[in-house]
Structures are given as structure tokens and as C-alpha cells.
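There are structures below to look over.
What follows is subunit A paired twice: with subunit B in the first complex and subunit C in the second.
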Partner chain A sequence: MSSPVLKLIKTTEEQSLFEDELNSLKNALYQNEDHFNEVLNGLRPQIAKALVTELSANSDSKENYLNNLTEELRKLPTVGLTLAFEPSSATINKIYDWLASHTTTPTLIDIDVNPRILGGVIIVSKGTYSDLSVKKSVDNYLKEHKAEIIQNLKTNKLIS
Partner chain B sequence: MKTFQEYLDTTKEVGFIERVHRSMVYVKGLPNVRPGEIVLFETGQSGQVVTLSAEHVEVLLFTDPDVSVGTKVARTNENLQVRVGRELLGMTITPLGKPITLKAYKKPSETRLIDITPPSMVNRKNINRQLETGVSWVDLVVPLGKGQRELIVGDRKIGKTEFLLQVMQSAASQGLICVYAAIAKRKLDIMRAEEFVAEKNLTKNTIIVSSSASDPAGLIFIAPYTAMTIAEYFRDQGTDVLLILDDMTAHAKYYREITLLARRFPGRSSYPGDIFYVQSRLLERGGNFLIKGKEVSITCLPVAELVMGDMSGYIQTNLMAVTDGHILFDRDLYNQGRRPAINPFLSVTRVGHQTQSPLQRDLSLELTSFLVHLEKLREFMHFGAELSEATKRTLSLGDQVLALLEQGTDTIIPLSINSALLAAIWAGVWKTTKLPDLKKALKDIIAAYAANKTFAGQVDNLVAKEKSFQALVQAIKADQDLLLNTLKK
Partner chain C sequence: MDNTALLLITILLISVLGIILSVVAYSYRQLIRKYYVLRDELDREKKAGKAEADKIIAEAEVRAKEIIAEGTVFNQKLQENLSEELKNASAAQAENYQAILKTAQDEVVKTVSSMSESVKSQILQEFKSFTAEATTQVQKELQAYKAEAGKRVDESIFEVVSTVTREAIGKSLNLSDQEELIINALEKAKAENSL
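== the complex of A and B ==
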């Protein structure tokens, strides 16, 4: 059963950021209680709120809880998406919601921007590779209709 | 080979490097990859899948480990193959089949898997044809058959490679295809082998598969497999092949390095448990085969290096168990000045004698028992005992026989003239001749045999006619002029 706070982590960038936050919380454990609360309140509000709720309901020590959470965070499965544009937060949320509705465990999105794919997406998940890009479709079309295209260009005297 | 992207589009599977540990790379992904499959890295390098675990795919690199974590990896859905064909003759190639020799070359069209199951007993034939090595000690005392797997064993730098090159020269002159696998050799040694091939004009019959000590462990490991695959191609074309694997102890060491990096459980001397399986499976691919109704052979000469003459090493004894005998190069004999430094008493040929003609077998038996007797007499002499006339005669004959067997690395002595000269010494043709004069006479006769076809024909006829060594000795005694007239000319 994964921690509810992990549902707030959507991308690998956020995963890395959250791991840093957890590390700073773990370091604060070895100082006084006030310092720990100070660091906790300094985190992103949504994350801080979720952590406070979970910590208050947690019977285990804070250290164990944070260690387990870090472990869980590292093990989260990732889906790699190569897009032709830099997605907005709304787009990321939309993709994440779609993913969440099709998977049982929280899954992270690893976004890579490559304008050369023109459009569409390349998906990498659990070692499988699906190229659904516009570039691929154009390449395939050009490959299939090469002779026809050359003939058209010659007819219209665009090439000799 | 297709490009990385093409493989990715075909197999629709991708992996990412998680860890690089020298020549071993740990990849995450590639859900349907198979052990032994070749994978391609985004950066152009290639590797072979060694093992699979729940978390990782373990890949052995064929290039320097300059790949980084996060690099994409694609499956090829192919096991390791090399290009084989007559186009390779005269070339030096890498274990991946890429030419090193700088000369115009047409890529062979046929490809073959380098790791296959050895042929079954049904396709094999008894070894019954002698392989003339041109080296007197071997041809007369420890004969080899075509298709035999004979281990060449000895300390380093006592003439093993020179002997092998000599055998290669002799085999090439008889029309055999020679494949020389240099396993983790110094680049200088590989260059010397190349020079030897060029100098002796053996390029039409020789291929060198080269891996130097500075190459990645994965590449060195596959070198003998590639050489064997090339040998099998020529065998299937109906040509006898001589395959030299120089050396298999280095091969074992690099396999040990690979398996230790892969954290396999180490066994004796830290070698992995399957080292015997790996090497015997390879050597089992040599032998005498029946291809399209014709006997064709792969004579395999693996080399094992000894440390201070210790023959009880793990890999050395493994290889002795796999092969049909061994030729021992003795350090003490080398230091005494014997060339080649072959120890006839500790060398073994399990199938060589069955390939000899009745005359050769008789000669071999006579010579071996004489050498044993001579050795005993020489030991006896150490006591300073007064020698009888008969003993003196035996010792003098021994010196003459050893003078005949002494041979430089640049001479090839055909079997017929060798037998005739031994019979002449036995018959007492040069009984009163001093050793330096005898050596010169022998050298001149051998040179005349190579140059004068009429003389060579006469010697061949004489040797072919006789059925026993004593008969040959008598024939030579009766016709001494055949040899002595050559000297007068």
C-alpha cells in the first residue's frame, strides 16, 4: 500500500525535489523538535500538509517513516514520454490523471522534450518502446511513397 | 548491421544503463531479451547479454567501457555472428570480424553464429590422415593427424609460437587453410605473425584473428570462437583447416575476469565453475568430419602456457583432458640449447600413430625406444663409468640423430627426406663424419630435396616402397649414392 503523499508526485523532477525535501527533514530530526517543524513548514504547502497528516496518524518513529517513504519514492515506476513541446502544468496533470486512472500504483512521468519528433509522443514503459511521433509517421509515409513523390516532383519540374 | 533507431523500431524494446562496472554493464529494461543476444548502445557500442536477473540485464561490452549511466540500449534479436568467406584470406581481423589489415577488401556475404553446439558423433570420422608439420621431432616422434586436437604446452618464450608458425607454413604449403587466433597477445607479437605470413607468402591460405592484451575482456573472450567459426566455414567448403588458438590460458584468465566482475561464485584458482565446459565445448568443434561424403578436418592446436614448467595447473590439466594429446616444450631442454625444445618423453599423441604408414609407425617406435635408451645411457655417463665400444657407438649415433632432429624455425623438413636421412644415419652413412660436417651435409640434402624435383621424386619413391624401417635402412645402405651424390653436386 503506497503512501497517499506519493500521489502528489507526478514527474521525475518532482521525485528528485521531494527526495531532497525528505533528506532535509531527516537531517532536521537530529536537532530539536522546533527545527524539524520549521523545516516541515518550509516545504511546498501541499506536501507539508500531507506529511503533517501522515506523521500524526503514524505510530512508527519519524525516522522510520521518512526512511520508508524515501524507499517507496525511489521504487516508483516511471513512464518516459518524449514530446515535441514543453508541456504546461495543466498538460502534465491531464496526462498524470489519465495514467492514474489506468494504473493501480502511482506512476511517475519522465518528460523529455525533443522538437525533432515534430509532434505526437514516444512512450517508454517497463522496457517497451512505442514511437507514436509525427516524425515516424512522416518517415514511414516517405518510405512507402518515395517513388510516387519523386515522380510528382519530376512532373511538376521541381527536380530534374 | 542496422542502426540503433532501426533496432529500436523493430524490437520495440528499450533499456537504460544503470551501472557500469569495467566491461560489465547493468541495464534496466529490455523485458524480452535473451541470454547471448547482442545489444546495441545509443552511442554505437555493442555488447552481449551474459545473464538476466529480476532487476537487471547483465551485458558484456565488446568495446572500451566509455558508456555512461542513462545511455539507451536496444535489442537486436540476434546472437553474435561474424562474416565468413574466402574474402578473409590474407586478412587480419578483430574477433568481431572487422578487418585490421589496410587493404582493399570485399565484405563476405555469409554470416555465422559464433557459438554453436559441437557436431555430433554421427558427422565425425576416425582420424586417419597424418598432418605433416615439417618439424622432425613431431613428424617422427609425436605425429599429428588431420583433425587431431593437440595441446601445445610449455613455459613462455621457449619457442611455442615459432613452432606454431612453422606448422602453419607447412600446412599452408599442403593446401590447408590456416586460422591463427591471437588471444590477448602483445601487438608486437601479432605484427610478427603477420610479417611471417607475408614473408613466407602464406597470405592465400591464412587468416589471423587478432585480440591484443589491451582489448576489452569481452572481445578477447570471443576471439577463439570467431576463429573456430571461420575454420568451420572452410571445413564446410571441403577444405582441411589448421586452427591455432594461442593461447587458451589467457582465454581462461579473461573469462575469469569477466565472471568475477559479474560476481559469479569463484571456484578453484578463482576460475568459474563452468570454465571446463566453456573451453571443452569450443574445442569439441574441432575434429575430422564427413562433409558431403568427403573427409574434412579441423586440426586444432590450442596453446597452454606453463609457469616454471608446472604441468599440474588447473587450466593446463583441463585442456589436457579435452585434447588428444600434448606436445611439451621443456624449459630445461631449451636452456640446454635444443631447438625445438620438445620433450619427447612427456609429450603424448593419442591418435597420431594410427594415421602413420606402417613404415612411419615402425620408424617412430624404433626412434622412440632408441631415444629412451640414449637418455638412460647419458644418465649413466654421469657416474664417470668407463664406456664400452658399443656404448660409445650408441652415443655417437645418438648425437647424429639429435643433429638431424635439431631444426631452426625457418626450415620445413618434409617427412620423406626426414625418414630417408634418419635411415641413412642408422645405416652408418656418416659413421666417421664429424658433427659440424654432418649438420652441413644434412642441411644441403634437405635443400637439394626442396630444389631438385628429380631427387625429391627418387627419395619419395624409395620411402614409399619400403614397409619397415629396417628395410629402409637396408635400401639406403645399398644405395648410398642417392644421398651422397647430391652433396657432390
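== the complex of A and C ==
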């Protein structure tokens, strides 16, 4: 059973940021309670709120909880997605929600942006590469209809 | 035996010995005389032999000189004859050569004259054939070049059309379309068990 706070982590970028935040919290534990709370409150509000909730409900020590959470965070499966545009948070949420509803475990999105793919997505998951981009579809169409296109161009006297 | 007898015997022996010595001396004298005679004869014979040898050598020298002299004369004669022969032969050969040259020249002129028309005809025919082949080849190459050039033009135009098409499609997609395409792709990947 994964921690509910991990559902707030949707991309590998956020994963890296959250691991830094957890390390800051673990370091704060070795100073005093006030400093720990200060660091906790300095985190992103949504993350901070979720952590406070979980820590209050957790019967284990804070150190063990944070260590376990770090381990869980590192083990989250990842799917690589290449998009044609820089996705907004809303777009990331839509993708993440779709993945969450169609996969058994929370899956992190490793986003790469390449406008040359025009649209669609290139997926790298479970060691497989799936090019489902618009560019590939267009290229396939152009390749299959090349002779026809050229003929049409000639018919319309666009080329001699 | 008494002394007298001994004396007589001794005298006798001495006498005999004297006689023997006289005979030996005489024989020796005779032998010496004969030796000198023989030596003189030998000297004479030697002198006579040397004279004979000198005579023979002298005669040989004379003969050799005669032979050399004859050889020189022969050589001179031979040279003269050879020169004469060569002169005659050169003249004959020159005449033959002139005759052969004339014949060959005539043959060449004759051959060239007779062949010129056929050669001209053959060259003309070959030239026509070559021209036809060259024309055909050039036409083929020109057509191939035109086809290749046309193909390159087609490829270039097609590439431009492809680029424009891609850009047009890319620009025509709004955010909603993009998100829909992404979700559709994810569904496809899921269906293909790629997720």
C-alpha cells in the first residue's frame, strides 16, 4: 500500500524535488522539533499538508516514516512520454489521471518535449518504445501515398 | 833353388814384363791415334752438317720471302678484284632497288587508287552507323537524365510538400487536440500492452 502523499508526485521532476524535500526533513530531525516544523511548513503547501496528515496518523517514528517514504518514492514506476509541446499542469494531471485509472500502481511521468513530433506521444515503458506521434502517422501517409501525391501535383500542373 | 836360378827367372820375368809393357804401350799409342782420327772426322762432319743446316735455313728464308711477296701481290689483286666486284654489284643492286621501288610505288598508287572509293564508302557507312548509334545513345542518356532529373525534382517537390504538410498539421492542432491525441495514444499503447 503506497503512501497517499505519493499520489501528489506525478513527474520525475517532482520526484527529484520531493526527494530533496524529504532529505531536508530528515536532516531537520537531527536538530530540534521547531526546526523540523519550520522546514515542513516551507515545503509546497499541498505536499506539506499531506505530510502533516500522514505524520500525525503514523505510529512509527518520523525518521522511519521518512526513510520508508523515500524508498517508496524511488521505487515508483516511470513511463517516458515525449510530447510536441510543453505540458501545463492541467495536461500533466489529465495524463497522470488517465495513467492512474489504467495502471495498478502510481506511475511517474518522465516528460520530454520535442516539437518535431507535431503531436501525439512517444512512449517508453517497460523497455518498449512506441512512436505514436503525429509525425510518424503523417510520414507513413506521405510515404504510402507518395506516387499519388506526385501524380496529383502533376495533374494540377503544380509540377511538370 | 839357388840364387842364379832365381836371378835368371827374375830376369826372364822382367823381360817378359818388359815385352808386355811394350805391347801395351804400342796398343795405347795406336788407340790414341785412332781416337784423334775419329775426332777429326767428327769435327768435319759437324762442320759439314752446320753448313747444310745454314743452307736449308737460308733457302727457307728465301722461300718465305717469296711467299710473302706472292701473298702481298695476291692481296692487292684480291682487293682490286673485290673492289671491282663490289662496284659492279652496287650498280646492279641500285638498278634492282630502283626497279623494286618503282614497282612498289606503282602498286601502292594502284592499290590506293582502287581502295579509296571502297574505303571512303566503308568509312561513310561506319560513320553513319556510328552517328545512328551515338544519336540513339545520346537520346537514351538524355531520356535517362531527364527521368533522373525529373525524379529529383519530384523528390524535392515532394519533400517540400511533406514539410509544409507536417507544419500545417502541427499548427492546426490546438491544445485540446493535442491532449486528445495523447490520451488516444496512451489507450492504444495500453491496448498493445506497452504500458
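One rule holds for everything that comes next: the second predicted complex is superposed on the first by the 157 of 160 C-alpha atoms of A that agree within 3 Å, B and C clash if a C-alpha of one lies under 4 Å from a C-alpha of the other, contacts with A are read in each partner's own complex, and residues count from 1 in each chain.
The working rule: a residue touches a chain if its C-beta (ideal position, glycine included) is under 8 Å from a C-beta of that chain, and two chains touch if they have at least 3 such contacts.
Keep in mind it's a predicted model, so treat the numbers as computed, not measured.
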Put subunit B and subunit C onto subunit A via the superposition and say whether they clash or fit. fit
Touch test for A:119: subunit B only (first), subunit C only (second), both, or neither? second
Can A:62 be said to touch subunit B (first), subunit C (second), both, or neither? neither
Check the residue A:128 against both partner chains and state whether it touches subunit B (first), subunit C (second), both, or neither. both
Specify the partner with more touching residues on subunit A, choosing between subunit B and subunit C. C
After the superposition on A, what does A:98 contact: first (subunit B), second (subunit C), both or neither? second
Should A:85 be classified as contacting the first partner (subunit B), the second (subunit C), both, or neither? second
Quick check on the superposed model: minimum Cα to Cα separation from subunit B to subunit C, whole Å please. 8
Common interface residues of subunit A with subunit B and subunit C? 126, 128, 130
Name, in rising order, each residue of subunit C that touches subunit A in their complex. 150, 153-154, 157-158, 161-162, 165-166, 169-170, 173, 175, 177-179, 181-186, 188-190, 192, 194-195
Any idea which subunit B residues touch subunit A in the complex? 8-9, 11-15, 28-31
Help me check something: in the complex, which residues belonging to subunit A touch subunit C? 79, 81, 83-85, 91, 94-95, 98-99, 102-103, 115, 118-121, 123, 125-126, 128, 130, 132-135, 138-139, 142, 146, 149-150, 153, 158-160
Under the touch definition given earlier, write down the residues of subunit A that touch subunit B in their complex. 124, 126-131, 136
